[in-house]
Amino acid sequence: MTKNRLEACSDGVFAIVITLLVLDIKLPEGNSAGLSHALLESLPRIAAYVMSFAIIGLYWISHHRSFEMIAKVDGAILWLNLLLLLLVSFIPFPTALLGRYPNEALPIVIYGLTLIACNAVGLGMMAYLLRRPHLMAHGHGRDSLRRQFPVHLIVMVNSGYLLAVLLARVAPLASYLLLALTLVALIARIVKFEPWEETGP
Amino acid sequence: MTKNRLEACSDGVFAIVITLLVLDIKLPEGNSAGLSHALLESLPRIAAYVMSFAIIGLYWISHHRSFEMIAKVDGAILWLNLLLLLLVSFIPFPTALLGRYPNEALPIVIYGLTLIACNAVGLGMMAYLLRRPHLMAHGHGRDSLRRQFPVHLIVMVNSGYLLAVLLARVAPLASYLLLALTLVALIARIVKFEPWEETGP
Amino acid sequence: MTKNRLEACSDGVFAIVITLLVLDIKLPEGNSAGLSHALLESLPRIAAYVMSFAIIGLYWISHHRSFEMIAKVDGAILWLNLLLLLLVSFIPFPTALLGRYPNEALPIVIYGLTLIACNAVGLGMMAYLLRRPHLMAHGHGRDSLRRQFPVHLIVMVNSGYLLAVLLARVAPLASYLLLALTLVALIARIVKFEPWEETGP
Amino acid sequence: MTKNRLEACSDGVFAIVITLLVLDIKLPEGNSAGLSHALLESLPRIAAYVMSFAIIGLYWISHHRSFEMIAKVDGAILWLNLLLLLLVSFIPFPTALLGRYPNEALPIVIYGLTLIACNAVGLGMMAYLLRRPHLMAHGHGRDSLRRQFPVHLIVMVNSGYLLAVLLARVAPLASYLLLALTLVALIARIVKFEPWEETGP
């Protein structure tokens, strides 16, 4: 029950964050003469919105996958989860920065660091679980956790984000390309998932 | 469990989008002398709000109906569903455009294209399921999917939206009429639904 | 399952509307010298926030109570429920009007009419159910519906709101008093509720 | 069922409030030249965001813990819970004040008083339950309630908040320190929680 409630609460936060993102795409109040121009100018915000939507969607699915393997929740998991939700619910801010200042380096840096921080908390949760197999669900152990989140994937994704952060000042376009590539790789991996049986109550 | 959680998450997004719409109906800060005038001016926004509320409500019910027929969720369904949620949670933006520039063609075009994109993803999900009967729930198959979303209805609705888009520049009033008629036809269809048994836990 | 999902979705909308209300209580950006003055000026908004919170809380509880009596949901119930959610999620707009123009008649009129419209849809749902006992849950019938929402209460509440609307232009203070009294009477009635057994999974 | 629904609704409000907090961290529209300066200026808002996120997270966990001990919900519990949600969903307003006027005394006072009011309602709920053991869940009684929320903890936390309020005008820095210390103490206590078994359907 408790684990399920924690999952439901986290789902709520994910759903709200993912939906709040659209609130940033706002047209400046003005005369309708320049409407098409204003819409063109809001394209970076729409692109930032789509990227963050996909990234939060990915975190959502990963969160789901990891909680499928957990049976018991202790105080540390509770707080690591809250810390993850804090970082995820922070994402709309760097997203808004990216959309508003697409040619600046600083927003890319803040955006990339936020994603790396999210991954770090996820890794912390994983490391914590690896040393506490008694918290894992029946049929799941260290191996299934490692299979779900393989080391090479974690290294690749975080290297992508880190490189994007480092390149932000010298080559912002390369940063965007790296962010997009990492995202596409993650999406491609998930599309290949096995179908899940409908189980439950 | 997994399917149920995906449904619950999607419900969360639908509920949030449908409720966020009202945030766009805002009065400009000003003196109270012109309050009744300002309220009159916000009528297009209220109309846009009601239309989008009804349309998202429709997507919600359709989403529900299609997930009743699904038993297993694979990676492709997961991403098609996320894409649908992306498009649905984008609706507040064209709604705000419509409410702010009711006499412009561009907002109608963007609004109509967003709805057509939603339907396209829904169709994609349906086409995917039609070729994978093993993902369907017990007692449901291709026929129940086709009965639930008949071809003539899909053609009619999308033609309505497309025509509204095409007429936006030459006859915006006809566009609004088409949008409203399509909506009323969809609502009328749903009101005739059979009562659902309360089943479940 | 379906009824439960409809309940869960409605709960989501109620929870979001009730929480969005606070977004309207915003301080104008300015120098900190006038902070205490600006806070005093935002008192009407806080009062409007508290009133709408209590009213939506009441609708939430009433919604809950009525869905306890329903076993099957048909298309009409579905749309009446969506109409109710539309009106409830509209409440932040008249609330913001009330908080911003507390001395004007028009906001009271719009606020009162919104509440009356909510009650009218609730009544419509009730009238629909009274003629369709086969939709009611086991152990519930017309009598339990009438006991839950007695005629004298419905008349009293709506008369209170209507009188508040009519008095808005000549005696706004009396309107506020009427709204507050109606609210207190409703809250007092609910506090006397019998404890509910925890049933279910 | 009813208790579960009340829990789910409260969870919804908690999840939304916790996620809405980020909406206040907004950059003023301006030229990108001063972006890093503007970001530095928004640091107090980010700090206020993190603090309120942690505090609402704590209320969430406490809420959860207390409802685990409740089996039946009566009208008084219902309204006390709604009052608690009202106060919790109000937190974004004093948080925004804190973030915008970090050097003023008034925001600290309002922030601290809001937290004390939340605790007071929680205490009221606890006092109500202590005199109505028949509402408690099987295996839970006055003792488990007292063990969960020990008197010395309640006194300590509220003294911390009260002292922060009283010191706001003379030593705002001490106020912030007190708020942070209280928070860290609460977090440290929760991290030591025993793991929860996964029970339920």
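Labels for the chains are A, B, C and D, by order of writing; each one numbers its residues from 1.
As a working rule, contacts are C-beta pairs under 8 Å (C-beta built on N, C-alpha and C of every residue); 3 or more make two chains touch, one makes a residue touch a chain.
From a predicted model like this one, the values you see are computed outputs, not experimental measurements.
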| said: For the two copies chain A and chain B, what rotation in degrees overlays their C-alpha atoms? Round to the nearest 5. | reply: 90
| note | The chain whose C-alpha centroid lies farthest from that of chain A is chain C
| message | For chain B versus chain C, which are copies of one sequence, does the interface use mostly the same residue numbers on each side, meaning over half shared, or is it different? | response | different
| request: Find the geometric centre of each of chain B and chain C from their Cα atoms only, then give the gap between the two centres in Å, rounded to an integer. | output: 26
| For chain B paired with chain D, centre-to-centre distance based on mean C-alpha positions, whole Å | 36
| note | Touching at least 2 other chains, the residues of chain B are 8, 12, 16, 20, 23, 200-201
| message | For the complex, give me every residue of chain D touching chain C. | response | 1-5, 8-9, 12-13, 16-17, 20, 23, 70-76, 78-79, 82, 85-86, 89-90, 92-93, 96-97, 100-101, 103-104, 106-107, 110, 134-135, 137, 200-201
| note | Touching chain B in the complex, chain A uses residues 7-8, 11-12, 14-16, 18-23, 25-27, 29, 32, 35-36, 39, 46, 49-50, 53-54, 57, 60-61, 64, 68, 187, 190-201
